[in-house]
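So, here come the structures, one by one.
Okay, so chain A shows up in both of these, paired with chain B first and chain C after.
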Partner chain A sequence: MWRTRLHFLFLFAGVAIAVLLGIHMVTLHLDAILGFFGVNAADPTGWLSMIGRASQGVWASLYIALLAFVLYHALYGLRGVILEVTTSVRTERVITRVFIGVGILAFIWGSYVPVALLSS
Partner chain B sequence: MKQITHRRNYLGAGGWVWAGNYQMERYLYLLHRVTGLGILLFGLIHLTMTTFFRIQGQDIWEATMTVLSNPWFKFGEYLVAVAFVYHASNGLRLILQELGFVLGKPTPPIYPYKDALRKKRPWTIAMVAVIVILAGVFLFDFTIGGW
Partner chain C sequence: MTEVSPEQVTFKIQRYNPEGGSPPHLQEFTVPASKGMTVLDGLIYIKENLDSTLAFRTSCRMAICGSCGMLINNYPHLACHTQIEELKSNTLTIKSLPNMPIIKDLVADLTPLFDNHKLVKPYIIRQDSGEMENPTAEFTQPPQELNTFLQFAYCIKCGICVSACPTSASDELFLGPQALAQCYRYCADGRDEGQLERFPVVDTDHGAWRCHLAGACSEACPKGLDPALAIQLLKRQLASQAFGLRKKQAPSTVASPPTETEPKVPFPEFTAKSSK
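Moving on, here comes the complex of A and B:
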């Protein structure tokens, strides 16, 4: 049953990423089209724009949530791909533990930076 | 006595590409996997860039952005954006199918038979159309210099 729950979490994370990454992509990459609709997003990757977003709690929360969903979805998906080409239970256990460790470390480091910039 | 062969029908990674008469959905699934791995690779680079380089201050950040403003990197970003659009759209289609929302009503098997894949194909074609439109929107923004 817990495997089913993990799989549903994988699906839910996929939908959440589509929404959150969609916001990220539109804000950072469709600035010309946003400008057409009257939204001023000039130079969204410039230092001032970036640090302006980083100092807002909403954006920091959005990026930390996105990081958590992306790490879970990506590592769970990659684990599934790798497990298709291996038959060993021991290898499966090792891969699962390595991916959990990598995911936790990446989440700690990846969420530390937005939190640090929030107070800058 | 017949020997039991372990995973006898197992084709390995080669089976992802060819194991007989695959239909369109199978290749969409293969592309889903390839785009997923590509996005994961980009994600690692992106995470490195937005943490290690961002935390070091304005000069390092602006130097990084100058390097990334190279047209080849911009084109790579466009490909990643299209890969994301594809992976997200196809993923939503797969989720809807897995949860049974687009399976349709069961019908009696009267000739000419309509298998499950053909019943769902209009959804697949609609999804491909959405991807092409969104890729076009990104291409438009890319060509007018919005990136």
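Moving on, here comes the complex of A and C:
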């Protein structure tokens, strides 16, 4: 039954992306709205602000989680599209392994900066 | 009573002979059509009067056997269940069902359909093998439970849902709406205990989760079934099983033997057989 669980994780990742990306958008790009509610973020898209957020555990966790969900959602969806036009079971196995490898590499690469900043 | 003059209808029919080597092509026939005439009647007219080599399947002529499924004006129909008049066109283009190999002319190869149908084990599976092999009575089933899957038991296996399905068009390995709906039909049956044997068949990359819910199968089904609904209900069963939410229910039991009752009104003497 693990394909059912993977599919539900795919659905859950979609919802999680909407939530986490929503937090990212509101914090960084919709500061005018935040200002309306009395929250004044000083230059949220500035370099120092970004480095400062990435050095905080909560923000680093949020971005690492967003990266994981985006990678899973995108690669699982793309794999599904490719499998739909693939008729060979062996090719499907190769595609699945390539996608798992690409996902792990992309996750390591993408999460390196916040992890390095956190540990420094 | 005045006789209605027949209207001329052009049948553009896909011809294909695998022994000839040429690709499928359209051939035109002119058929006199009258009110109430079906596409199948037109095809029979062509075979009897114009070209006896035309190949198509037919049997019951009343939408029961599911033999005459074909693509009529780019939409899958049963030829016997489609009146020429309702198509509102004097030119009909008729091809074999898509998403399936062609055997000859309008005869589609339904082998993949039946192979997938067999894969989902479309029969009652129970653990009490003694009762299955030597049945003593029927299994009980309340009408409410029967209503949860009854419509799916009316499937005639014509293949029209599979030929209408966009996922079956792109994914050759997809089980298809027919097999998935039949999987649900038996999994929802309270007399059955075969869910754990069927779920691994449909919980694959080309199983229930590949369905995009386009709904084309339900729209095309000539029997008015809703295979798309069956697939969604099957997904619910799969999710319940995967996350341990499924209620464990004992299968229905064998019906108790009928009790002997005395007739309320005694038979009149003249109808009752005398033992003397």
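The working rule: the second predicted complex is superposed on the first by the 117 of 120 C-alpha atoms of A that agree within 3 Å, B and C clash if a C-alpha of one lies under 4 Å from a C-alpha of the other, contacts with A are read in each partner's own complex, and residues count from 1 in each chain.
Definition applied: a residue touches a chain if its C-beta (ideal position, glycine included) is under 8 Å from a C-beta of that chain, and two chains touch if they have at least 3 such contacts.
The structure presented is a predicted model; accordingly, all values stated were derived computationally and were not measured.
J.: Who does A:Val113 touch here: chain B (first), chain C (second), both, or neither?
T.: After superposition on chain A, A:Val113 lies in contact with chain B alone.
J.: Where does A:Leu78 make contact in the superposed view: on chain B (first), on chain C (second), on both, or on neither?
T.: So A:Leu78 only meets chain B here.
J.: Per the contact definition in the header, classify A:Ile104: touching chain B only (first), chain C only (second), both, or neither.
T.: A:Ile104 sits against neither chain B nor chain C.
J.: In the superposed arrangement, does A:Gly14 touch chain B (first), chain C (second), both or neither?
T.: first
J.: On the A-aligned overlay, A:Glu92 touches which partner chain: chain B = first, chain C = second, or both, or neither?
T.: second
J.: Quick one: classify A:Met1 as touching chain B (first), chain C (second), both or neither.
T.: second
J.: In the superposed model, which partner reaches more residues of chain A, chain B or chain C?
T.: Here the partner covering more residues of chain A is B.
J.: Looking at the overlay, does A:Met25 come into contact with chain B only (first), chain C only (second), both, or neither?
T.: First partner only, chain B.
J.: By the touch definition above, which chain A residues appear in both interfaces, chain B in one complex and chain C in the other?
T.: Of chain A, residues 84-85, 87 contact chain B in one complex and chain C in the other.
J.: Quick one: in the complex, what on chain B touches chain A?
T.: 6-7, 12-13, 33, 36-37, 39-40, 43, 47, 50-51, 54-55, 58, 61-62, 65, 77, 81, 84, 88, 91-92, 95, 98, 137-138, 140-141, 144-147
J.: For the complex, give me every residue of chain A touching chain B.
T.: Residue positions touching the partner: 11, 14-15, 17-18, 21-22, 25, 29-33, 45-47, 50, 67, 70, 74, 77-78, 81, 84-85, 87, 106, 109-110, 112-113, 116-117.
J.: Taking the complex as given, what residues does chain A use to touch chain C?
T.: Checking each residue of chain A against chain C gives 1-5, 7-8, 80, 83-85, 87, 92.
J.: Can you name the residues of chain C that touch chain A in the complex?
T.: 167, 170-174, 199, 203-207, 209-210, 238-239, 241-243
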